[in-house]
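Next come two complexes, and both contain chain A; in the first it sits with chain B, in the second with chain C.
Moving on to the complex of A and B:
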């Protein structure tokens, strides 16, 4: 099948996935409510930390400015897990089999879902930034920084959806996908998503130092709180891009195995 | 005549106790048969204890407070509440399978269903609380208030768990679907986090300080934490006691009226 056909099929399936997400506002709500709540909670609880000279000089001018990136990452991870859950539901309810029976590009079944996750990720970043700016946050790096954040959100959505899609295709069970979310949650909490690494101590700091999520979040925080520099793009774009490549490879391998078994 | 009345009253009490014991055994049997539903309520509070004290620790360390001492009571209360929530899932399952109708036919007072569930909630909530306390000792918890501090955190955890159980029962008996458990989870989550869960009242700003000031959970946390932050005083105790008793009374009334509505 030609690349153009694969792209066309993926676009159709992306449209279907996005529509499916919009039709389930109850499933989409946690991806917006919880990150916003945690960011509001953090900025009201830890704002006095912003008085610490190290924080105000090197990290952010307010805790709200600091919390934006963590909220974006949290929301995108919620959304990507739900998208993979939908893929597993397709398998469980037989829609996946119907797709296989139709003359459709096999790869587009996965790519459609992943692209939908990117679309949802982008809309989440736009909504979050708009809301936070309305409440007083500011993007120091300007319009390019906003684009940097949006692209980063899309890439992170792609990365997480890829890894979760691999689990969804392998298990074919939405429960297994949802059950693996706590692992994502652990990854998020053991990073600098909610609190700066500088203030962590002991083994917790070591884990956060090695956690790729810390670097992605800090790249995004860089767009929010500092002038543009290359380091932000490396952390916020290249790290999730690298994880995306691994995630998509895993997802396609799971797809091939499922196709071979069916 | 009075001897007959006394004997009947004694029999009724014995039957009520039998029903309570049966409900507790059934709830614990469910834990054994479906450990995957109970284990998260055991692991999550410990995970949160580690992450909160590890990530947010600096926020209270600035104030000279040991993070483990600050966060342990919060996570014990949270773990107990979510552990007790399992009773609501069990009730829903019993409604679906028809077992609840058989419980209603038992020759015992209706309120025993609520109090039996409370007894089951105590059994289910003590396990995560114990686990959190043990892990926090491994993580360097110290108790300036002595053993009474431990007793107070267990008491606060159990009382909040019972209130959560009452709320969950009341909602389950009214809604008769899983939405009741979800609503209870939301109530616990927001009730706990909109209090002094992360930092003391004096460190908060704006809307959160206003919420935490009127949230009864702030008094309960002050009650539970005092023995880990310094001496135990009556000034820090009475507010928590009032809040716990009021919450439990309100949730028990909600559960009992829910039961009455269910039977109608």
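Moving on to the complex of A and C:
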């Protein structure tokens, strides 16, 4: 199968996935509502933290500025999990088999979903940043920082969708995919998404130090709260890119195994 | 090498292994001629769908070989997929997409240009009577509409070989007739059709030839009329009181071979045909057996099925 064909098939399936997401507002809503809720809750509860000299000098000028990155990451993870759930639904309900009976490029089935997650991730970043800016947040690194955040959101969507797609293809069950999401959420809570690492102690701090999610969030927080620097790009782009490579590899391996088992 | 568009030789497909192995297809030889409608008839779990899934490249054979449109289903799977149309058992169609969107997607997957795909989509929507519903999401379609859309999707690339897996299961009689008409029309235009069904009438009405499948094997194959003629005599079914069933059985055996029948009913193949009915009734009466219900059936595919397998087809109509 030629690369042009694979791209054409992937593009069609991306279009289908994005359209499917938009046509399920009830499934899409949590990916927007919950992160905003947590950000609002955090801002209301922890805003006094911004008076702490260390926080205001090194982390963010307000807790709202700090909370933006966590909200974006949370929303993207929600969205990517839902996309993988849709893939599992395709398997469970037979649409996956319909595709396999056609001369489709096999990898397009996975790539279409992953690309759709990136598209949804980008739109989530744009919506979140617009809303937070409307409520007083500020992107210190300017337009380039906004682009940095958008690319980071897309890469994180790709990374998480890849990992979740591997589970979706292996299990063929939307319930299993949804059941895996709490683990992702635990990973998020054990990171600096909702609270800075500087204030953590003991095992919680150790886990957060090793948690790649902390570094992605902090890279994004860097775009929000500091002038541009290389560290932000490394954390916000390269870490999710690395996870994406692993995720895509797992997803394609699951696909190959499922096809080989048929 | 045969030029038939669908060929299987000693086709085997097992699931599982060891003591738990399920022999879904167990040594099937099959040859479907160009331009014919061939029916695989059998109950649920007989192996019909597994045979279709091997032919359509969705499953690899455990052993044996299968060729479709001249291509091996394992070695030339992609060429097979380009040559065939497939409508699977559950009409698995994305409920969030519209009929037209699905046709457009299918057209891209089969390499049609955007314009050609659109034109072909319009033709097919009209052909299956879904033009008015083309922009509606499939989730709002009835079962019959989904099946017709499924058929249209399988025809986007004008395949020469069409596989229909239980195309009318669950449909109302009107939708079933509409689909039969469309299948006949396709066949007249030269498409070779292999369909699976558990409906005797469907196999009888639609198929030029049939194969009866039971426990993964083809137990009879041929033209429905010839198969029925081989059964020969009509079957007399009688209902008698349970306390008299054994004596009724021995009485009936005097008039012909006892045939499988539903529980609580006895069936006998009348060697001399309908003229024996009066004699059977008199003999049962003389033996003090009261007949509650009596029915004489000309040989049907169910009789063929019963003779070949020892049991009647579940859900026979």
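In this section, the second predicted complex is superposed on the first by the 262 of 262 C-alpha atoms of A that agree within 3 Å, B and C clash if a C-alpha of one lies under 4 Å from a C-alpha of the other, contacts with A are read in each partner's own complex, and residues count from 1 in each chain.
The rule is short, and it goes like this: a contact is a pair of C-beta atoms (placed from the backbone, for glycine too) under 8 Å apart; a residue touches a chain by one contact, two chains touch by 3 or more.
Note that the structure is predicted; figures quoted are calculated from it, not measured.
S.K.: Would you sort A:93 into first (chain B), second (chain C), both or neither based on which partner it touches?
M.R.: second
S.K.: Should A:186 be classified as contacting the first partner (chain B), the second (chain C), both, or neither?
M.R.: A:186 contacts chain B only, not chain C.
S.K.: Touching A:12 in the superposition: chain B (first), chain C (second), both, neither?
M.R.: The answer is second: A:12 touches chain C but not chain B.
S.K.: Could you look at A:103 and tell me whether it touches chain B, chain C, both or neither (first, second, both, neither)?
M.R.: Second partner only, chain C.
S.K.: Looking at A:2, would you say it contacts chain B, chain C, both, or neither? Reply first, second, both or neither.
M.R.: A:2: touches no partner chain.
S.K.: Just which bits of chain A does chain B share with chain C as contact spots?
M.R.: none
S.K.: Enumerate the contact residues on chain C facing chain A in the complex.
M.R.: Counting only chain C, the residues touching chain A are 56-60, 78, 81-82, 84, 86, 88, 90, 92-94, 96-97, 101, 105-106, 108-111, 137, 153.
S.K.: Hey, which residues of chain B end up touching chain A in the complex?
M.R.: On the chain B side, the touching residues are 40, 47, 50-51, 54-59, 62, 193-194, 198-199, 203-209.
S.K.: List the residues on chain A that touch chain B in their complex, please.
M.R.: Touch list, chain A to chain B: 37, 40-41, 44-49, 52, 182, 186, 189-190, 194-195, 199-202, 204, 208.
S.K.: Going by the contact rule at the top, pick out the chain A residues touching chain C in the complex.
M.R.: For chain A paired with chain C, touching residues are 1, 5, 8-9, 12-13, 16, 19-20, 23-24, 90, 93-95, 97-104, 262.
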